[in-house]
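Paired with chain B in one complex and with chain C in the other, chain A is shared by the two complexes that follow.
Moving on, here comes the complex of A and B:
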């Protein structure tokens, strides 16, 4: 009786979050899945559409671009995630933790700048960096003075650039989470490991990284999902040209920005629904793999 | 291994945490660093461990200057107030961590872990995580982790401060026994004078980053070099009051506004002016109805074996120890007999002892 009442009170506290999740996640997902089962497009408008069952999904399965775009997405998400969002983020967090506080703090603050720069401005800076000869920082500073060949770098190395553009920003998220997690490791434990005979690199491996399981799970999960679904930097830099049409951008192009002005809402929604399913599956796999339940378990003894 | 600190100095910004510390620790000796919080004990310890780099001075292990030697190459063990166990490792993994870093074989690690666990009585806990242990158990594990590498120097930073009073007493004697049996040179940081006095062969008293005295506990208690030491060492603390010294024929007398004391001829300040601070411990004041020094009892604090009487003579507060059987009560008037053979004298300006220097 008493317990039930407590649970009900708890529910009230969760209500705002529940409402947000329902309004901004569940309803859009249900609508997306709903639309994906129709032939809604610019031609049908919002009134003349009809249910078509799984036709859009069959179309995806048979579409000549599906495999290419899927592989591009897989490559883009995994490489950016592993090398930048997690790898570089962790590297910066650990490196700045070993620097003096003021220097480390400055470096981390500097790394955050692109995150507060409007995406268009940020990507513009990359475009200028890589612009075709006789323009472009790379050409002017590092190629022409040395008599090296010049090129239009973005089309030439499009995939590398979308990874760099996203990774540079993405790393700052992990950097913040990992830094604060490392800083919260008690000082005595850090000292103790050195006294026990660990070198700085052994301390990173045996003491610091094992204690970052929670933040690692969080960053991997969160960043996988955000890499899967966000496409604004790619859109501004290449607009999906040069084999950089990732799945979310493809969905956007089909549904809302079709070259011929025929917005295929139904097909685009089906593409988006695939992303939702993939994202959910990955989330579940991560939680199993990192043993999420063990991480949130209550401690067995709470006295000292 | 003997340890020497020479002119050891550490500054944090403008503040000097440790100031020209000189210490000569003998092989196998148990030395306590005693001093109030913030006096630089931990800083000195961490310099010895190689975590902090000294701004000045030398640290010498045996005949090796170790100022620039990394902590891992100093062969020391360290035990912290917070235990500092690695939360993601089991007790066993915690204990053998240093051996694992040295790439010792599994068999050797198990053998050594068994030996150390036996020594500390933690054999049944090896599979647990630190979070599943009590404070006393955690501290034993931390001790095991420090001992397994057979260190030449053991560093303790207030290891018992987080334990409850009873456990503290048992751990105190256990650490002392282990240290003596293993013969490992040890530095033990504490702000608890009882710990320092009961455990250490010699006590280094620190104040504001400076070494005040370095001597055996009994000497520290009997021959305090400064008023600070006299105040800090001994429980309940020493009484102090200002007196004026005058010769009366053969004898020296100390005049206080409310009473006069005869000095013992074998215990007369060898220097200083006539205005001095006289110190006397509560246990050196007896109750004597025939004495003309009359005091009023303000508070009676039962300590068990003794009663601590907080008394007042005029505006002078003085505490004494009495036998509980005598059943003193607040408001009672008593006569005090101060034992002149245990008087201490200090310079009122410099606080230096006028007897021991």
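Moving on, here comes the complex of A and C:
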């Protein structure tokens, strides 16, 4: 009885979050799936469309770009996630934690700069950095003075650039989460491990990393889904050219950005719906793999 | 206190009701708000500003007619790109918030008319010509661009040509004499100077050090209709008017992709070039750093004003232009024109009930004097027959010299699926030029995409 009441109270506390999830996730997902079953486009407008069943999904299956764009997405998400959003984030968090507080804080703040710079300005800085000779900082400072060949670096290494552009922003998210997690490791464990003769690297391996399991799960899950669906920096930098058309950008291009103005809302929605399914599946796999339930189980002390 | 608040609230609620009631009863003067959307500020500002000016004249006319209606124009210049501009209009139209008049490309006509966003101006060119003397004055061939399914949907606002420009100074350095340079535009027009010759000449200029490697030929650096010209130059067709279907011609597509790729492998275009910033592009072509470049007539005014040191005089001293050369020897050079048109939004799309006033406003924006002001300042070609005899137009040496290109121009098709055709066409070109795919593979893939997306609206040859 007591427990039921408590559950009900819990439900009340969750209500705002439940409403938000329904309004901003479930309803849009249902609408997206609904639109994906229609032939809605600029030609039909939002009133003269027809139901077409799974035609848009069949189109995806037949489309020559599906596999290419899927592989590009897989590569982009996994590389950015492993090397930057998690890898670099963790590296900065650990490194700055071993510095004096004020200096560490300064570096962490500096790493936030890409995130707080408006996307268009941030990407413009990258494209001017990489522009073809005689323009472009890379060419002017590091190639021309040494007599090395110059090029237009973004098209040349387009994939690397979209990973770098997104990675430098993504890294700061992991950095914040991991830093605060490291800070919250009890000081006595941290200090006593050194007193007991552990080296810094041993402490990182045996004390810090194991304590970061929960934040690691969170950052990996959250950033996978975020990378799957974010495309604005790629759009501004390459607009999907040079084999950088990731799935979410493809969906955007088809649904909302045709050069001569014919937007395929239905087909674009089907592409987005595929992304929702992939994201949901990945979320479930992560939860199982990282034993999410074990991490959030009720404290044992309550059972007494 | 409570009473006072109640009275205050009641008064606040009642006031607007009373106000609107009194207006209805009086049936007095009515102000019709007409918003006009156009794109690009800078040298193209007249597209919007002429509407404000024309509204004054329209109001004077309405007053003289004894009408109680007056027009108030809200002109809006969009600085974003075409894709976003069209998206903004589509979404606004669906929400019933579209402007009364929009200036856009003629290729939007089939899509927007099918969606019910715009209304036809008349059932035939003759009927539209009868609406206003300015419409009667419009160059006849331009009506083709705004006609779809036997109705006329828009009034041409401006047009242009897309020449192949060349640096006369660099050709001289290459050893060409004045007579040969002077004959080049005619050679381009008659198919004596082809796209193969262009690559060969550019290569020679690179080899002799006249221009830097990769600066022999610069095409448009970003997506745009210009590339269709080169597909046409190799004999490609776009549209079968009889069947109202789009066409893709594999042979021409492969040859066009191969031309783009060869320009890179021969070293006359940079290897990684697509996506180059526009500012860099304009700076290079307007300061004699390249030998050939394909651009639009509207760029001339921009270069003169913002890029070439010494302005238009420097351009005349260094730059020549002609048709885009054919890819086939003996075939005539061509150019793409892309007329912008003023379109009148439907009542459902815009809430405006006065389509007739919108049409009258467009007529007044299209007078010889006003359209010439836009044409001269922006480097666009005029749309009216009378402009040929209009001093201000004739005085613009560039417009006078370039207008002949319209003799052999073509338009992109007014077909609902053209946007999809074009995207596949463009993506294939990028992958071929970059060397990611062979021209054959890029063409086959582009055709596959077109088949999936355009379905039975496509004819593959």
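Basically, the second predicted complex is superposed on the first by the 292 of 304 C-alpha atoms of A that agree within 3 Å, B and C clash if a C-alpha of one lies under 4 Å from a C-alpha of the other, contacts with A are read in each partner's own complex, and residues count from 1 in each chain.
Heads up, the rule we're going with is that a residue touches a chain if its C-beta (ideal position, glycine included) is under 8 Å from a C-beta of that chain, and two chains touch if they have at least 3 such contacts.
These numbers were taken from a predicted model, which means no experiment stands behind them.
After alignment on the shared chain A, the placement of chain B and chain C results in a side-by-side fit free of clashes.
Of the two partner chains, chain B is the only one touched by A:211; chain C is not. In the superposed pair of complexes, A:95 makes contact with neither chain B nor chain C.
With both complexes superposed, C is the one of chain B and chain C in contact with more chain A residues. In the superposition on chain A, A:192 makes contact with chain B only, while chain C stays out of contact range. Seen from the C-alpha centre of chain A, the directions to the centres of chain B and chain C diverge by 150°, a value given as a multiple of 10 for the model superposed on chain A. Taking every C-alpha of chain B against every C-alpha of chain C after the fit on chain A, the minimum distance is 50 Å. Overlaid on A, the two complexes show chain B and chain C touching no common residue of chain A. Chain B contributes residues 46, 49-51, 70-72, 74, 76-78, 80-88, 97-98, 101-102, 131-135, 138, 145, 149, 155, 162 to its touches with chain A in the complex. Residues of chain C touching chain A in their complex: 82-84, 86-87, 90, 93-94, 104-105, 107-108, 110-112, 114-117, 223, 270-277, 280, 412, 416-420, 422-423, 426-427, 430-431, 434, 436, 445, 448-449, 452-453. Listing the residues of chain A that touch chain B in their complex gives 186, 188-189, 191-199, 202, 206-207, 210-211, 213, 299-301, 303-304. The touching residues of chain A, counted against chain C in their complex, run 42-48, 59, 62-65, 127-128, 131-132, 135, 151-156, 238-239, 241-243, 253, 256-264, 267.
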